[in-house]
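Below, subunit A partners subunit B and then partners subunit C, in two separate complexes.
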Partner chain A sequence: MTGPRDLNAQIESLVNRLRRRQVVGSWCVSIETAMLLRQVVSATRWNQVETLIKVVKEDVGRRLVMAQPRELAVGNIVCRVLRLIREVYNSEDATFDDNSAEDNDKDSNTDDDEKDEEIKSKSSQKIRTFSFYGGSGTGTNTQSSMINLLGDGSPMGAKRASVDDYRKPPNLKPLIISELQEMINELENTYVNIIDQAMEHIHSNEIIMTVGKSRTVEMFLKTAAKKRKFSVLVAETFPTYLGHEMALSLSEAGIDTTVISDSAIFAVMSRVNKVIMGTHAVLANGGLISVSGAQMVATAAKHHSKPVVVCTGLYKLSPLYPYDEDSFNDLVAPDPVFSFNEGDLIDKVTLLNPYYDYVSPELVSLFITNTGGHPPSYLYRLINENYDPDDTDI
Partner chain B sequence: MPPPSKTSGKNLEAESILQAVVLADSFNERFRPITLDTPRCLLPLCNTPLIEYTLELLAVAGVQAVYLFCREHSETIKNYIKKSKWSRSYSPIKIITIVTPEARSVGDALRELDAKQLIDSDFILISGDVVSNIQLEKVLDAHRSLGESPIFVLDTKTNECVHCESVELYPRKRRMTMDMEVFKKHADVQIRNDLIDCQIDICSVEVPALFTENFDYQDIRNDFVHGILTSDLLGKTIYCHLVKDVYAARVRNLHTYNAISKDVLSRWTYPIVPDSNLQEGDSYEFMRGHIYKEKDVSLSRLIYVSIFEGLIIYVNNTYFFIISIRSCSLGEKVLIGAGTEIAENVKITNSVIGRRVTIGPNVEIDGAYIWDDVKIKSNCFIFRSILANNVVLEENVIVKRGCLLSYDVVIGPNVTLEPYTKLTKHKKTSESDNEGEESNENKAYDSTLIGEHGQGYIWSDKVSDTDDDEFDTKNIQIAGLAHDISNISLTDSDSPPSVIYESSSDELSDSGESTTEEESLKEFFKEVSQTLERAFLDGHAVEIASLELNTLRMASNTTFHDLRVGVIPTILGQIDIENLLTSAEEILEQWGPLIGKLIHSRQDQIDTLYILQDHCAITQHHAKLFAPTLKKLYLLDVLDEDAILEWNSSELADNDSSKSSIRKKVAPFVKWLEEAEVEDSDSDD
Partner chain C sequence: KKLLNCLVNAGINCTYAFLHAVGFAMRDVSKVFLGAHAFMSNGALYSRVGTAMVAMMAKEKNIPVIICCETYKFTDKVQLDSFVMNEQGNPNDIVNISTTLAPKPGLLSEWLNKPDLKLLNLLYDLTPSKYITTVITEVGMIPCTSVPVILREYK
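This part shows the complex of A and B:
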């Protein structure tokens, strides 16, 4: 690490807080990680993008991910940041290549469309200001990169090949930081973007079932309740009883709320119109890592052919595939399941208290993300857009 | 569950940093012989040194400065801390190691702390072997808010601790005494013995100073807490904070070591579990069935319990009947460190295996704690034992329950170790190990016991010579690793130090007194009179004499009552009978206050009167002393009128003429007192 001491202290502090579970909840974790990485990018001295990627990925990213491997949002954000850095670099690299190509043999690589686009884009002006090589820069945004990714033989493909010789030290730092800032803003607006869609999904006089306590779902329902009248059934969610908190919060907002015991889920499912739930993480195949009990709700809904709608920010989308779904679960202290005072029994039985459930993608009908609604089968596309395959394994 | 106690003190300054004092030494020898080589706080529990758990707990609570007290192996601890993540420049905790080679008890350490003037605000006092996931922050907040409003002190709802008493499993206590006054003071009193004392104390600044003042305090529970609770003079209070639904326990002996290891593996201590990788460089992963495995563990073929017996394989029209293909199998609750190699047909259950361990084929391990770099060759069987670093087991060794093999011991081949064997490389007689001597004595290893290639000596516990080990042998058995705990629930067995809330201004009186106790009492009286005579001769101040007597009392573990029985006759013996009045006046003027020092309550006063009465009833000669003594003690405020009147109104045995004659002697005085009181109450009206 070339960074100064206080940066190290900040990393250490986040690592410790993640490990001790002092910072919990995917959203808080993401924001904290993103802020820290922004700090890392700005405080680290680097001449080559290679160095920066290495620092972000191996020195900081790996430590954060290892600190709490079950908080998948950490890895997601690290991947996103790496992707951003690569994109900024690649577009800049293309410009450089373009320039040198122009100088040497006037290669046809120069893309007029891109140049037009770049003039409009504000960020490209920044590049021009800071770039040692003068010349022109390229606007970068996810749309263009997505097109590049799909198109064969496009400029992006050519740029990919040149990634290996990260030799050039253009001053990309301000650009990367501004991109990171944009990402943080996007994170902060996640909820707003999701709850804006509430009216499209919740209709009058519907009966909606939910499980556990999710901030996204809570806000989603409350937004819908401003205009529509509907009722909510909340499964109490043993052993955390998060459902109780959820029900309290919803009823305070004036929503017609009923708490049901977990064992009643299947029985009442036939009367429910729709299941809306939150999740801890979404895996690459569209499966969920959600509060324990979610699997039961989803299976009951499947049996009764009720749609299961999952509200989630894109930051929860993980590029990891659940080869071993157990490894994503977290077994917490078995206290709530079985009291320690029961004494002699605890030596003779094995007590498990899994915090999460794995819900397979077949059980999910729709994901409502901050970029709109997507079916589980579309997630591979979102993953390609947001993460680089090189970074999946941190 | 655990009641950390604390004394009310000054308000915490809002911005002052939070300090903690960690006692890295246990001041006992329950982990011998392993602790000959390593301090207890560095013993690995689930492959992580104990002190890491404690420091982690403090770090979570936001402690910024830790004072680490070490006695033995201070260099080892210092080096460990220096190399650990805690001493990095950006570590949130600053650890200061303090070496106190002469400290023999918790009390000594706290006195040292006071002498160094390191503590400037309230602090957390914790022993270096506590494993807990308790949220200390909440307890601290409670402490701060209490400090501001001492009015609540009398209300038991504030969890003021009124009495605490430790309970050992043997001998069982059948009675406990409580003073009636407690019920007058407190409307609600809870008596509980279902609590586990996790030995976390939040102390106000005055605590170290109090230890300095009372230099005979050794143990924080038995002496300090008891002292605070029984003497009104100090005017301090102790609160208990009851925490529910958290885990907290202290590794006190091998038995708790075993229990806590299992609890950690079954995740009761979440989030302090192996796969949260407390130490840097750890890479534990949790797998189904409570198996924790670090990277780079080489297991032969299958990992999970996988026994195929009588498997038929059909290849090329030929039937191969394979009797049994067994591979190594891991049962429940197993933790395996990095670099460990496990061969074929090995069965492991309920065990912790350290790093770089090699386990040969056909080995069976159940409930064992195997530390780093151990080599176990083929066909061994290990049951509920501890194998410390670098132990080597040759072929065909059977280690039965409760064995403790200390560092570098070699056993085997073809040996069976009896239950509860303790082996060490240190010769018992030479406390400081002498290398040359050891190599000379190599041949002195008992090869019948530990095998041809065996290296190591039998270690037997010295029971009596450690002063703080009030355990008797039965307790040591229980403290052993393999004591069958199926009949004792974990909570119960964990709680020899259960705290009972109770109050008494009198000393605890043990129910049964055997002949040996009587003898030791006689010895004690002798010493008391000798101490006093020295004091008379040298003209000591009363304070010094009382301190000496108190020390004596602590040392011989007797009560204040015994002390009074010893002191009063000796003082009265000084009075010159010939010149009764003036002599009594003189002697009592000087030494009467000493008797006062030994009296703490009304009950004590009445007790004093009886002692006085008994003493004076011995002979006619003594009887003369009674009236002037009583009068003088009354004037000195040692005895008050209520006590005297109560004593006087109590019944006497009918035929006790000498005692009744004594009563008669003081009758006028008592009458005068009664009248004075009537007048008093009259004037009050």
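This part shows the complex of A and C:
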């Protein structure tokens, strides 16, 4: 068993690597965060669930999020873990204390009223099917938000206080850890689930446009290329030139690839059949935080009425809402735009070089995730299933 | 950059950004001025590649787009999209990158050896008339759909 000192060292190491941007890519970040949180759950000493939640959320979670606030995947995983813990606790508690089914309220909003009747009668029979996505709907006795609004919506902590003193479900820890392991496995299989859908969306002789370099889109296109013949137009994505890497990688897989400059995106859009792109993060309203230039592509596609498909794993879905678009953006060094040896114009001119772009949800037609294809309007359900409203202040 | 030089020397406060920042920069913009290479009889603007992109983004945000164009650039031709007539520049211009952010400069320098990799360097594009608010010419301010009318006058 790792002692608290080792655990602290691990946390410090991840915090430092995040701060120095040594962990690259949302997927790697998610997996590392999930594994670290699993360590935290198994190595920390806790008697009550509140303690565990506090440790995960405030001690570890907040530190990780502060280390790299632009990497929204960290916060997503922390929120997911917290939700998991609460779910496991609630369902264990339900079976542990079966006469008072009333007491086991929870502020989660996942069910219709009809399902509630079914579930209340089922809860005493202790049927608990625990798949990560279906779990909250079919197994645990959750109540709809309307019922909670009318009075019972006290936070879990207040009610639990009296109950916990003398009744603690005994095998919480291994359950939580096994659920966490399931989540990690799901994260590791994200790409497999996404590329399985590739054949449904791409047909022969299509011209597909993409922007930036996304591992997900690359694998998506390469899978489809095994059976279908199509062409890809890659925008070079100045100034990071990620488009060049993407084009090289795609052409090496035998896909007919053409690189165009960013300025020609509108010009070629009339010949493109669909736009497939990846994203850095997905926000709660369905908007994207994507590489700079993605907004141009999406708007051009909308004007030509071409569908915009976003391939992303669900770990990139964040419960945050873009009240202010700028809060998610970074302005990076303007050197590529206007370098120092251009002369003394530098003092008289303001230079802009944003790294990310906000794409509004109206521009996106479809999200292809590891749980299937969803329109932007469905994302609020996914957020309700996977995150708790109490956790968005991490 | 030459334009930037002129404007700064004239004492105008300038901000310089690349095309990828157009969404970000468009928030503070109240008018857009663009130049023209030619003006088609269906009111479409034939200009440097990227013009259409800027005009479209401005139209999205309801910002007026003003084209400055002399009447000798008006033409009888009609054109619907950027593909039917265009000019290709040197594809090696896409390969040549000299910025500090690029991880491997000249990543595509072997593109000729790769059978599936092509580079396309378009020089011009067509901006549809619906994105253009008005055109400033030496005969006055006209809507872009009046281009054939002016041409008729000259005949």
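Structural remarks
Keep this in mind: the second predicted complex is superposed on the first by the 316 of 394 C-alpha atoms of A that agree within 3 Å, B and C clash if a C-alpha of one lies under 4 Å from a C-alpha of the other, contacts with A are read in each partner's own complex, and residues count from 1 in each chain.
The definition used in the following text is that a residue touches a chain if its C-beta (ideal position, glycine included) is under 8 Å from a C-beta of that chain, and two chains touch if they have at least 3 such contacts.
All values derive from a computational prediction rather than experimental measurement.
Taking subunit B and subunit C in turn and counting the residues of subunit A each one touches, the greater count comes from C.
When both complexes are overlaid on chain A, the residue A:384 reaches neither subunit B nor subunit C. Within the superposed three-chain model, A:251 lies in touch with subunit C and out of touch with subunit B [touch as defined at top]. When the two complexes are overlaid on their common chain A, residue A:171 makes contact with neither subunit B nor subunit C. With both structures placed on the common chain, the touch criterion links A:392 to neither subunit B nor subunit C.
Contacts of A:335 after superposition: both subunit B and subunit C are touched. Of the two partner chains, subunit C is the only one touched by A:271; subunit B is not. In the overlay built on the shared chain, the residue A:12 is in contact with subunit B alone; subunit C does not reach it.
Shared-chain residue A:351: touches subunit B and subunit C both.
Shared contact residues of subunit A with subunit B and subunit C: 332-333, 335-336, 342, 350-351, 353. Put simply, subunit A touches subunit C in their complex at residues 233, 236-241, 244-245, 247-248, 250-252, 254-268, 270-271, 292-293, 295-296, 299-300, 303, 329, 332-333, 335-339, 342, 345, 348-354, 357-358.
Contacts from subunit A toward subunit B in the complex involve residues 5-6, 8-9, 12-13, 16, 19-22, 66, 68, 326-327, 331-336, 340-344, 346-347, 350-351, 353. On the subunit B side of its complex with subunit A, the touching residues are 1, 56, 59-60, 88-92, 133, 194, 245, 247, 262, 266-271, 276-277, 283, 285-290, 332, 485-492. Interface residues of subunit C facing subunit A in the complex, by the touch rule stated above, are 1, 4-5, 8, 13-25, 48-50, 52-53, 56-57, 60, 81-83, 86, 94, 97, 99-104, 107-108, 111, 114, 116-122, 124-126.
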